[in-house]
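In the part that follows, the structures are each spelled out as structure tokens.
Both complexes below contain chain A, partnered by chain B and then by chain C.
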Partner chain A sequence: MIKGTVKIASEICKGCELCIVACPQDSLQLSREINLRGYRYAELKDDNCTGCINCALVCPDSAITVYRMPKKSK
Partner chain B sequence: MTKEIRLMKGNEALAEASIRAGLQAYFGYPITPQSEVLEYFAEQAPKRGFTVLQAESEVASINMVFGAAGAGARVMTSSSSPGISLMQEGLSYIAAGELPCLIVNVNRGGPGLGTIQPGQGDYFQSTKGGGHGDYHLIVLAPSSVQEMADFVFEGFKLAEKYRNPVMILTDGALGQMMEKVELPPEGSLPYVRPEWATTGKAATRERNIVTTLFIEPEVMEQVNIKLQKKYTEICEKEVRYETINCEDAEIVLCAYGLSARISQKAMDLAREGGIKAGIFRPITLYPYPYEILNKLAETADHFLDVEMNAGQMIEDVRLGVNGKKPVHFTGRMGGMIPDPEVIYQEIVKIVGKK
Partner chain C sequence: MEENVLEGLECVYVKPDTLTDKYQHYCPGCGHGVVHKVLMEVIEELGIQDKTIGVAPVGCSVFAYNYMNVDMQEAAHGRASAVATGVKRVLPDKYVYSYQGDGDLAAIGTGETIHTVNRGENILMIFINNGIYGMTGGQMAPTSLPGQVTSTTPYGRDPKKIGYPLKITDLLANLPGAYYVTRQAVHTPNAVRKLKKAIKNSFEYQLLDRGTCFIEVVSNCPSGWKMTPVDTIKYLEEEMLPQYPLGDLKVPQNN
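Coming up: the complex of A and B.
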């Protein structure tokens, strides 16, 4: 299994929540803080991201970058 | 340049369309969810040669629009609900002075400072006055990013034809939403400096004056009579609307802008469930399409008004239907968006079958 993580550009995010709906892992949520425009932005909630890139694909404003790393073998 | 297809945010499409429509000056003040308009202009102005200025407030921007319009410039401003409230005095002056200009309201949830999420609570303010005195704006309500662009051209045309301020009333979702948009080529809306423009007295003509102060009531009344004549003509000639599946509809959903799009989904759900639903979407909110509503009331059994407010346009729907059939309401407030499934449930409840 591939482990992943996301970096979300909080000043670009408009809080539309499309990524939150699209994430099969339920890894994302809206922040409690707001950005400069006043929007709550998407952020990683749980560290269970698989790096599937669904969220990055649906984001209309290309605010998400997905990183993948191979899981360390035991 | 021919037509061009781009993927854009509603606010950006509107700004780009304005430049292509030959915008000469923009005065505005940032406010979410419409700041992209000002940002886009600020970025493009040096390259494309028009004036863009961030004023010190909305009050200042609307008065700058007043001045530029008086000089005959193709001019606009944009803001969102609380900012538009601040502009109401200036709007009344511009309407009284019979000056063409474009105002864009990217409606957010209110009242008060409210929220930055989309709303339709400014319907009364936009269509019934807002400022003081007997005046009207022509109000256009887009329901897609494409229309955000198209109505800029429509808006300038109407404003200049009738020497009247035109408002594009949209909302935070349409402003932030990204969609495919087809843009007309630059320079496709010809501009001629109007004869009445206050550009300095030439030896060849009388002095041009723009004023909204008429101390003698006899004169003020004449100004009003002239304005009312113009509004009557606008009501006769410029009503625009769209109807979908209304021919056989037992229930007609009445909605504008974003609500109309959401209602389309609800209509599809109803049709799948065996209920004949249709949509009536006013495109001009002033002048309002009363006549077609009255005609629809001959064939449909129910009307369901869907809005993102506590029920404002419903008053106009009632005026159109004029007691012939019951008019119902469903909606969300304060920046919340109606769910098509909930609208569908409402339809089922009203029609009384599934």
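Coming up: the complex of A and C.
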């Protein structure tokens, strides 16, 4: 499986959960903590992210950066 | 995230630089942010940041110029396409777009909208259809659905009394001035990918000078619809899309 991960800007996130329902791997969840504006924010819950960028595409606040293992060059 | 977690991984998605770092005032889950983002991604990818001028509307996206890092002009309510007409005619070498909600484009600005497209102005018009007036507190828009409860239709919109959803995009597609007319959405990753492609095509068509490009984006308004953002996805899919089916309404002819 392709290995990826996400970095979520917790102070920008508004906890809308759109990334959580868009994730095919069910890798994301809302935090228990709240950020300065009072929102629970999205965070990785499992280490099974594939770096598919679906979450980043639907995030209205552009809070997500996605990383992925480079494809093997032949 | 610790650096070691990222070791060996490459960045495959990052917010475009053409979007400012300013915190957006939109409600959680609002589709405006998604459209801003893909629009700015396209401008970054095409390398046209210094050649693009946007026109912002009155409505929730009235502050779009705070987020879109291109030259922008604010227009009076409903008049964005008329202002964009002026900008493009004075500066024909710039890429010009207008960005408007449904209350702006399809209610108070209906006249300007129709005549801009009828003149075939060489601009891109982006139309955010969330079926409601978001900014002013969730009043009925011309695009509201039959039966939709809004603050001005507390018993649901009754088409017999106050008309049917105005499919202004369908009307515009019939005008000879329209070059490319399409209806896209923001509710799934794939919809966002297609929206981005439509925006990219539209900017490329602007070089051809063949007429107006018009993109309707079926969007959401969690606050006005009084739903959680996640619930708006289902509503958009099940209630909005049957009235506003996605796809191209007019595709460019090669001549």
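Everything that follows uses one rule, which is that the second predicted complex is superposed on the first by the 68 of 74 C-alpha atoms of A that agree within 3 Å, B and C clash if a C-alpha of one lies under 4 Å from a C-alpha of the other, contacts with A are read in each partner's own complex, and residues count from 1 in each chain.
Criterion: a contact is a pair of C-beta atoms (placed from the backbone, for glycine too) under 8 Å apart; a residue touches a chain by one contact, two chains touch by 3 or more.
All of these numbers come straight from a predicted model, not from anything done at the bench.
More residues of chain A are touched by C (comparison of chain B with chain C).
Within the superposed three-chain model, A:K45 lies out of touch with both chain B and chain C [touch as defined at top]. Look at A:P60: by the touch rule set out above, it reaches both chain B and chain C.
In the superposed pair of complexes, A:K14 makes contact with chain B and with chain C alike.
Judged by the document's definition of touching, chain A residues 14, 16, 39, 60-61 lie at the interface with chain B and also at the interface with chain C. Taken in their complex, chain A has these residues touching chain C: 3-5, 7, 12, 14-18, 20-22, 39, 51, 53-54, 56-62, 64-70. Across the interface of their complex, chain A is touched by residues 9, 32-33, 35, 116, 176-178 of chain B. The touching residues of chain C, counted against chain A in their complex, run 1, 5-6, 8-16, 19, 23-24, 26-34, 37, 186-189, 192-193, 222, 228-230, 233.
On the chain A side of its complex with chain B, the touching residues are 14, 16, 37-39, 60-61.
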